[in-house]
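Shared chain: subunit A. Partners: subunit B in the first complex, subunit C in the second.
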Partner chain A sequence: MTIKTLGAVLVAAAVLAASLPAGAQGPIRVGASMSLTGTYAKLGNYQHEGYKLCAKQINDKGGLLGRKVEFVVYDDQSTPATAVRLYEKLITEDKVDALMGPYSSPVTEASANVTEKYKKVMVTPLAATTSIFKKGRKYIFMVISPAEVYLEGLVDMAAKRGLKTVAVVYEDTLFAKASAVGAVDLAKKRGMEVVFQEGYPKGNQDFSGMLTKIKAANPDVLAASTYFDDAIAITRQMKELNVNPKMYGVTVGGDLPEFYNLLKQNAEYITGATQWEAALPYPGNTEFAGAYKKEFGREPVYHSAAGYAGCTVWAEAVRRAGSLDSEKVRETLLKLDTKTAFGGFKVDADGFQTAHKMVTTQWQDGKKVIVWPDELATGKLRFPTPPWNQR
Partner chain B sequence: MNVAITPAMVGQVVISGILAGALYSMVALGLALIFGVMRVINIAHGPLLMLGAYTTFFLHSLFGLNPYLSVPVTMAVLFVVGVVLQRTLVFRVVDAPELSSLLLTFGISIGLVNLAQLAFTSDLRAVEYLTGSFPLGPFAVSKPRLVAFVFAAGVTGLAFLFLRGTRLGKAIRATSQSREVAMVCGVDVQRVHMLTFGFASALAAAGGALIAVIVAIQPEMGQIWTFKSFLVIVLGGAGNYPGALLGGMLLGLVEQGAALFLTTQLSEVVAYVLLVVVLLVRPTGLLGGRQT
Partner chain C sequence: MLLAALAVYPALGTGYGVRAMLQIFMWIALAGSWNLISGLTGYVSFGHVAFFGAGAYTGAILVAKADWPWLAAALAGGVGACAVALVIGYPCLRLKGPYFAIAMLGLNEVLRALVSYFEGLTGGGSGLSLPTLHATVPIYYAMAATAGGVTLLTYAIITSRFGLRLMTIREDELAAEAMGIDTARHKLYAFLLSAVGPGIAGALAARDQGYIEPVSVFPLATTITMIVMVLFGGKGTVWGPVLGAVALFVAQEFVWARFPYVHQLLFGAIIVAVVLLMPRGVLGILQIRYRLPRTI
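Let's turn to the complex of A and B:
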């Protein structure tokens, strides 16, 4: 070996070494199938923006393991079958370095079969159905609270105030029923008596029969596991039939500004449940909301925050594991106990979320006030709810 | 878990059933008219009701018009929409096989719903005008539903007076009984068809206007009213106008009764079981339908 060739090798090695931290391996490519069009488009896009903001912030701070993070996103048109094909493609053709979850429980349920097959870790920030995580799957990780705890705040506040009886009604669909069953269990655990329980079909607009029975049962608490239009219809008809529980709470929809816009003062005293609020004192939450608005020109919703948090948690696990290796990241995620802008993150051995808390809100003088849990509350619960004619 | 059912509860549910039934009757009468006169099953009946609801909503929110005063205006607007639809599209299928009219009105229905989603978005809207109830002994009588009942009963009553008493009403009934004979007697059948479609749309619109004060509205609210109206006219006897009244009341009472004695989940099932039973026992409906 001549001096000249040795020199050339050394120079080559030096160039290689110098470029290693950032460029040599290229960016970390994170694959995801997203509902950018179709039924879930509105919410899927919020989640996508959460991912984008997360990647941008990681890159602005110098990347992950010295590499840039880059999302490879395909549109699944809100259909599980398409998402299955897309994850297969991401893993086998695109050979991405990591995966993030799609939007919604049905799409996640289908996609998880693919990621499990290839033993790829996937943080799934927008799947709230417990059963997805209780089928012995090893590589998926839940971020948001499950359906079963949506009414926990209402039941807990009622129990603390010595209320004894509760009526539970629900739209008879998968998610709403799960949160109603959860509410019944929680109420029984707290020594309350469930005096009435009934489902109603999706799209039902006349609740006279059901509310007449509830009025006769005269429960202290009415817990309604709703979507949105049913929450409006039930509330209006409660007033029409003069049904006056001491506490009345709904789940989905009760936290939306539209809920108050549609019901006006009739929304007062009603509680709603939500996964996240911009006002919550979680680490980095204010900064997240600010950066999000600057980046996308609109306020984040909980789907944005969950997507952002899911990506953040995954990045943190990679950082701690010092590797993108699926097994190592999985081990780290199982041990991870952290707080993000979205709240607590800790999972059990199945990847099922145990630390994240739902919050319960109440409409007070047209403002949405967080009334539960105590440590996050921005105001006190107004209790008891006065009869309709005194509101 | 079960709540003991008291007479007061039954009374309450009977009130609710009658209040709901009057609306069903009025809306279904429109569908019965179209079927009776043209033998067209109008799948777009519910979406026309939805347009009526939005008309009232916008008259109220943009121009501050009292939603109840808006009822005649909304009816007039939808009368015109109905006439235009008939003149441009529906007249083509009047003599065609029934499947053609089903397909055409199904298409109109999808078109109207999608246009509404584009124009109004799928956000829920509400006319927050009258809420709460009048206490009546042990019962609570919903204010918006009671007013809707009064309007529905009034409009339906006027519709019957019109059908019985006026020249045009008689022409409509004559066309419905036998188009050929009506033509021979000098009835302008094309004009009757057009006006009937207009009147039917106006009846749906009145329903929509009244419903907008009771529940929140959205572009897909109409379809369920197509089904309910269809149920009502088959119960009462398709094309039989008093049959629509009877069918509407029956549906209202049966739905509410089933929700009370069974569960809300089953109330729809019970309504359809009733339909099957009626069709088995009296295939032409309770009051007998128009013979083919």
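Let's turn to the complex of A and C:
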């Protein structure tokens, strides 16, 4: 190709580019690093589905600021180090227009350093650890309730029923530990005595030693800050060792259908803590659950709902700001006070969530019933727990 | 030429490019260090990430609790890892074959448990969060120096009498002893040297990332990746670990960006293919076919 023809082509290209109508901008590209494989794969995929449904619904309604929304997602294999690199890639190479958060507190904690460096707003729907938001970071926004209140329902119900002693056990990781510490504080505040407190490493399967000590301490309440596998194992071994406190509650995992499927009648009376339930009377909640089931062929869990809500809140802020500019979106998010299918959204000056409420559920005859707080309850707490062989 | 290009890269490349290069340097330092003990003496270490983690925690604690500058903390990370190597290497290097491999695997688990236990110092399972610092570019140079240092050290060892003795141990330890080589001491020296690189790299990575937790700095997967990189490039060579680290990191980065669900499958396939088809690695094959010198 001679210089002349090259010049002609360039001129033609420039004319063509200039003649395109202004409205024909490309889609709004939203970048996110997701735990599609690795330890958090299952929950990370639920969150990803929430993002996908949110983008689809925005696009079906004509897009955002007249443009389509498109997610650019990479797999961080559930490791903070990879996620850090991916956010750097999304910002500096892919030059995405906006960012959404990854799954889990550790991954968010590491990634937030990158997004802060570039002053990019990131709504982080699945980070529940308070400390992440209390370090002077300016551009991250929390969606779910903090770890510290996961066991609030259990402690509150126990205190109201005059129970005096509580044992707290937890998986020794960032989030689970924070929720255990929260439970201890709440219990003390309500005048209850914490008679036993112990952590166990991630992936632990044998709880017999710990449960024997708990049996000796004979607490009225056992509060377990768990993920999923440990909640199952603890429950099974409690039955084997006949550890039977008047109330027993777990956190994450206790609300999943798989929990009941695996434990059957042994799951009865056990409470679980969750950020969201399909039955909650939030605006658009029924529609969300229906659309989700249609799109992905199964019921949504709170991780899907949180992802969906995080993306919805971000889109709402962009719409109100009328711009994708990070500073403007940040200002709008700080002032936003709204309700989504996931519940309330309002943050303080640190981006820390203050409006969203946790609920506590209990398995009753194979059904999950919301028993706390009273204003959202769909049934009454069954209390006290009978011996294991009478459930 | 290459050195100059690497030196000016941070000024030209994107933030992601710099971070990816930093990661490549880290893998060169890790793979090269594993090669020092396992490639040269034949003592397969299945827990080398323990030194990475030890360095990461040493460095991070010094930065978080004692306000050390990151460069000093990184060097301390190397010293810390070396100290761990001394304690564990002295008894364990007397173990042979699979027993040494298992002992190293155990070391990694023990360190992880210890770090989780001493909460006051390490933050336990909640991890350790460092003050925010935007120093990716200086850390890039420090990591490059670490990678270069490990490679240079490998060259120096392979071309020395010390290296010859190590390789004698690999080929036949009994014969080496019969020839009057103090095998225990030689192995220990090689082991100590192999811990320094991961220690420094761990401390640098911790500083750059700003947050560490036991699960993320002691993963078995990191050891496996080191081993695969060395096997792919050619164990017991100078440039094998470099070649393996660059090739596999680029391949992984290229693959996961497009096929998130198959990258682990492909990685596994590479391991099987390397072990079956070219147990001496790429450089090993080249050395035999083209009669390249041993010091490549």
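The criterion applied here is as follows: the second predicted complex is superposed on the first by the 334 of 391 C-alpha atoms of A that agree within 3 Å, B and C clash if a C-alpha of one lies under 4 Å from a C-alpha of the other, contacts with A are read in each partner's own complex, and residues count from 1 in each chain.
Note that contacts are C-beta pairs under 8 Å (C-beta built on N, C-alpha and C of every residue); 3 or more make two chains touch, one makes a residue touch a chain.
Predicted model, so just to flag it, every value in this text is computed and none were measured.
Legend: residue contacts after superposition of the two complexes on their common chain; A:F228 is shown touching subunit B, with no touch to subunit C. When the two complexes are overlaid on their common chain A, residue A:L263 makes contact with subunit B while staying clear of subunit C.
Look at A:D172: by the touch rule set out above, it reaches both subunit B and subunit C. Applying the stated contact rule after C-alpha superposition, one finds that A:S131 touches subunit C and leaves subunit B untouched.
Contacts of A:E198 after superposition on the shared chain: subunit B is touched, whereas subunit C is not. In the superposition on chain A, A:T92 contacts subunit C only, with no contact to subunit B. When the two complexes are overlaid on their common chain A, residue A:G209 makes contact with subunit B while staying clear of subunit C. Looking at subunit A, you'll find residues 172, 199, 201 touch subunit B in one structure and subunit C in the other.
Residues 14-17, 19-20, 23, 113, 116, 124-127, 129, 132, 134, 205, 208-211, 213, 215-216, 219, 256-257, 260-261, 263-264 of subunit C touch subunit A in their complex. Here subunit B touches subunit A in the complex through residues 1, 3-6, 9, 12-13, 16-17, 20, 123-126, 128, 131-133, 135, 140, 142-145, 214-216, 218, 224, 255-260, 263-265, 267-268, going by the rule given at the top.
Across the complex, subunit A meets subunit C through its residues 36-37, 39, 74-75, 77, 79-81, 84-85, 88-89, 91-93, 106, 109-110, 113, 116-118, 131, 135, 171-174, 176-178, 199, 201-202. Put simply, subunit A touches subunit B in their complex at residues 172, 194-201, 203-210, 212-214, 216-217, 228-229, 232-233, 236-237, 239-242, 258, 262-264, 266, 388-389.
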